[in-house]
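Supplied in structure tokens, the structure appears directly below.
Labels A, B, C and D are assigned to the chains in the order they are written; within every chain, residues are numbered from 1.
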Amino acid sequence: MTQLCASVDDAVAGIADGSTVLVGGFGITGMPFALIDALIRQGAQDLTVVSNNAGNGDTGLAALLAAGRVRKVVCSFPRQTDSWVFDELYRSGRIELEVAPQGSLAERMRAAGAGIGGLYTPTGVGTLLAEGKETREIGGREYVLELPIAADVALIAAHAADPLGNLVYRKTARNFAPVMATAATTTIVQVAHVVEVGDLDPEAVVTPGIYVDRIVQVAA
Amino acid sequence: MTQLCASVDDAVAGIADGSTVLVGGFGITGMPFALIDALIRQGAQDLTVVSNNAGNGDTGLAALLAAGRVRKVVCSFPRQTDSWVFDELYRSGRIELEVAPQGSLAERMRAAGAGIGGLYTPTGVGTLLAEGKETREIGGREYVLELPIAADVALIAAHAADPLGNLVYRKTARNFAPVMATAATTTIVQVAHVVEVGDLDPEAVVTPGIYVDRIVQVAA
Amino acid sequence: MSVTSVPALQHTDRGPLSRDEMAQALARDIPRGAYVNLGIGQPTTVADHLPPESGVIFHTENGMLGMGPAATGDAIDPDLINAGKLPVTELPGASYFHHADSFAMMRGGHLDLCVLGAYQVSAAGDLANWHTGDPEAIPAVGGAMDLAVGAKQVFVLMSLFTKSGESKLVEACTYPITALHCVDRVYTDVATFDLTTGEAVGVRETWGISFDELSARLDVPLTWAGS
Amino acid sequence: MSVTSVPALQHTDRGPLSRDEMAQALARDIPRGAYVNLGIGQPTTVADHLPPESGVIFHTENGMLGMGPAATGDAIDPDLINAGKLPVTELPGASYFHHADSFAMMRGGHLDLCVLGAYQVSAAGDLANWHTGDPEAIPAVGGAMDLAVGAKQVFVLMSLFTKSGESKLVEACTYPITALHCVDRVYTDVATFDLTTGEAVGVRETWGISFDELSARLDVPLTWAGS
């Protein structure tokens, strides 16, 4: 059952030290800033964060990194013009990094959500990112075995939710959120709008409420 | 580029003997009756049909089977109260059958559409349907390796399309169609309504036009 | 076989449950707000005992959450059916999705519960419900294997004995398996069983038969459960 | 190295192409109505030469088909960006989808074409565009590997020579590989190359340099293509 939380602090309550946390967003678009700020206040440490990037500027994921709460980042593209927080932590050996092709990152989370134990993808064959991974020829093409990324918690942002947890997003802010929602034990969503049950078009719901554990309304 | 066809006969032109054809529908809901009738007229033979069921009554997929055009059916649930056409062909040894768990059927088509060479699923482990298939333990759980189902043609039905081929469906008639659209070299769609470019909500498009080769309007 | 007698749950003052009472007994054990798949056939009758106030949300494998009761009359819509291909209705808060998404939901462990019929269930929780093993039969599996491996809990709803009086709860299935070690509970006309109690099968309640009579008729070790 | 001279395509009466002319040369070879991904950086300028009349539909990896030109002023919407994280616009007929669906589209071979930058391309079509190999550099791959293996055709847009004058079209890449045997064509400031012609790399056109001068500067065998 989806729980409608009164505050972002309620929404992130109970996240344990050592958790694997999926953080939505592509750069800052779709990033759940309010939930990340609440997580910083909440205090969980030694986190593994899975996100497309490794923080931008000094807010959001970058602030979580700066607060020293993250042991390891799994992402596709840490290096950006404004990723100075991560860059400094990485160069000084204070954070681990696993780089994954963006599509493998998404597909591995989907696999976790879909009960798939592993999948063969052509992406990465013959590259540094396939080193140590099993490869296999199927039907004349070479593939790399990729394993699921399951998580304890997903922190995502959505445009609107109903009290059952059904979600819709807005434009490219959708990005990783629907996939992350399926891959975490506890999916926590900040939404700009909470609407009545029945207000969302059943044909246009992107994330069905079954994937959503907690929602909290945050000013857009 | 998506082609808007003037008739269902134009829409199914060129389907070759020996093709693998994905046929949408769950029972008769979502079944592309007009395209199947056109395929019967078109005359392609020796087809392998992938569909959830193996025909109902005497129309649609059942009529294609009755016309003797199908060498093999790959499906999850052939046996129904009204599957007499298939039952008779099967019992008299005139049609081959491959039964797959419904989820594996869907996921194998998704894999074909997503460039995945194979995937491990727990479904079927220890059963007759995993006989001859590779099994493997990953993270303490046993899985079966399932391979993609790619096809030459998909015949599906949708509720509305724009001229770019963007599709929306109606209620549970959606079923296999969006997955099949991704798994075939040529995706052919019968739609009840053709609307203008821009009339479909970009947030609610279910099948982007990139997956759609031919559309034809058919009275609902 | 060890017996911890709990007579209050041993209803020998009445006969076996009717089909409707079986569905009701199962429905009572479904938690408020659970996401539930009722498969096809008899299990779908469980929904009759779970009104909207239960907060239970029904999934149907053919791409929908928030499925409502059977549709009748003008409410019948050929585009809106359940897994048994019968017309149903849509409740507020429903959502539609395609088959790969629907089965990802099932296989990924997101449904709290599914209810399935069975030919046989073994003491270890193996389920046989898709194939009689008859070489003449046309095999058809549908979504049974996906549900059995995927749902967080699997409840079986079936009569305990065949027409010829053999128990369907067995030491080892003789029918082809649907999935191994998947069944949590079995709801029958004469008893409900808990298969998660350890060595012996737990009996939760009996109707029209005593625990001792039941033990005598089954080849599997029984114990009282939930005491 | 064998030379089939086609002087009309050997523009020695002018200098190398400007960056804008390079983008234009590439854009000319994109078929009408193609589904195209332009990656990030310089390749995105190709869009400036593909007006709506071209029927070309742009994909961006972060979940959109039907991407329009860069957004400016009031049209800037923080929820609507491209793969380079710059604000863009939405064209009629657009659609949005999540990252797994977006990359399934890319990896499943549905995009007709992608345009990528490169550090190096080998004669066999190997691409190196994600990592300089510098042990001090922070690795970052993004969607480059997915695009390279997935698009039906991969066009590379780059200057042919490094600042120190070394060719980026090489016999074998010395930079870490993005994907093997994936590049179909290379568009540079001084020549366009076709890597699908067989033994030798096909030269389609040169600017500010003759075929013979080009052959002398590269370590890969060249031939005239498309003649």
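Annotations for the structure displayed:
Keep this in mind: a contact is a pair of C-beta atoms (placed from the backbone, for glycine too) under 8 Å apart; a residue touches a chain by one contact, two chains touch by 3 or more.
Because the structure is a prediction, the values reported are computed rather than measured.
Number of steps on the shortest path from chain C to chain D, with steps defined by chain touch: 2. In terms of C-beta pairs in contact, B-C outnumbers the other of B-C and A-C. In terms of the distance between Cα centroids, chain C is separated most widely from D. For the pair chain B and chain C, the distance between mean C-alpha positions equals 30 Å. Chain centres here are Cα averages; for chain A and chain B they lie 33 Å apart.
With centres defined as mean CA coordinates, chain D is found 35 Å away from chain B. Annotation for chain C: residues 90, 96-97, 103-104, 107, 149-150 touch two or more other chains.
For chain B, residues touching at least two other chains, in rising order: 107, 110, 114-116, 121-123, 169-171, 202-203, 206.
Working note: touching chain pairs come out as A-B, A-C, A-D, B-C, B-D. On the chain C side of its complex with chain A, the touching residues are 32-35, 55, 57, 59, 65-66, 90, 92-97, 103-105, 107-111, 149-150. Chain A meets chain C in the complex at residues 1, 110, 112-116, 162, 164, 166, 182, 197-198, 200, 202-203, 205, 208-211. Contact residues on chain A toward chain B in their complex (touch as defined above): 107, 111, 114-123, 136, 138-139, 141, 143, 147, 168-171, 201-204, 206.
Every residue of chain A that touches chain D in the complex is listed here, in rising order: 26-30, 52, 76-80, 86-87, 90-91, 97, 99-107, 109-110, 121-129, 169-179, 206.
The residues of chain C lying in touch with chain B in their complex are 60-64, 77-81, 85, 90, 96-100, 102-104, 106-107, 131, 137-146, 149-150, 176-180.
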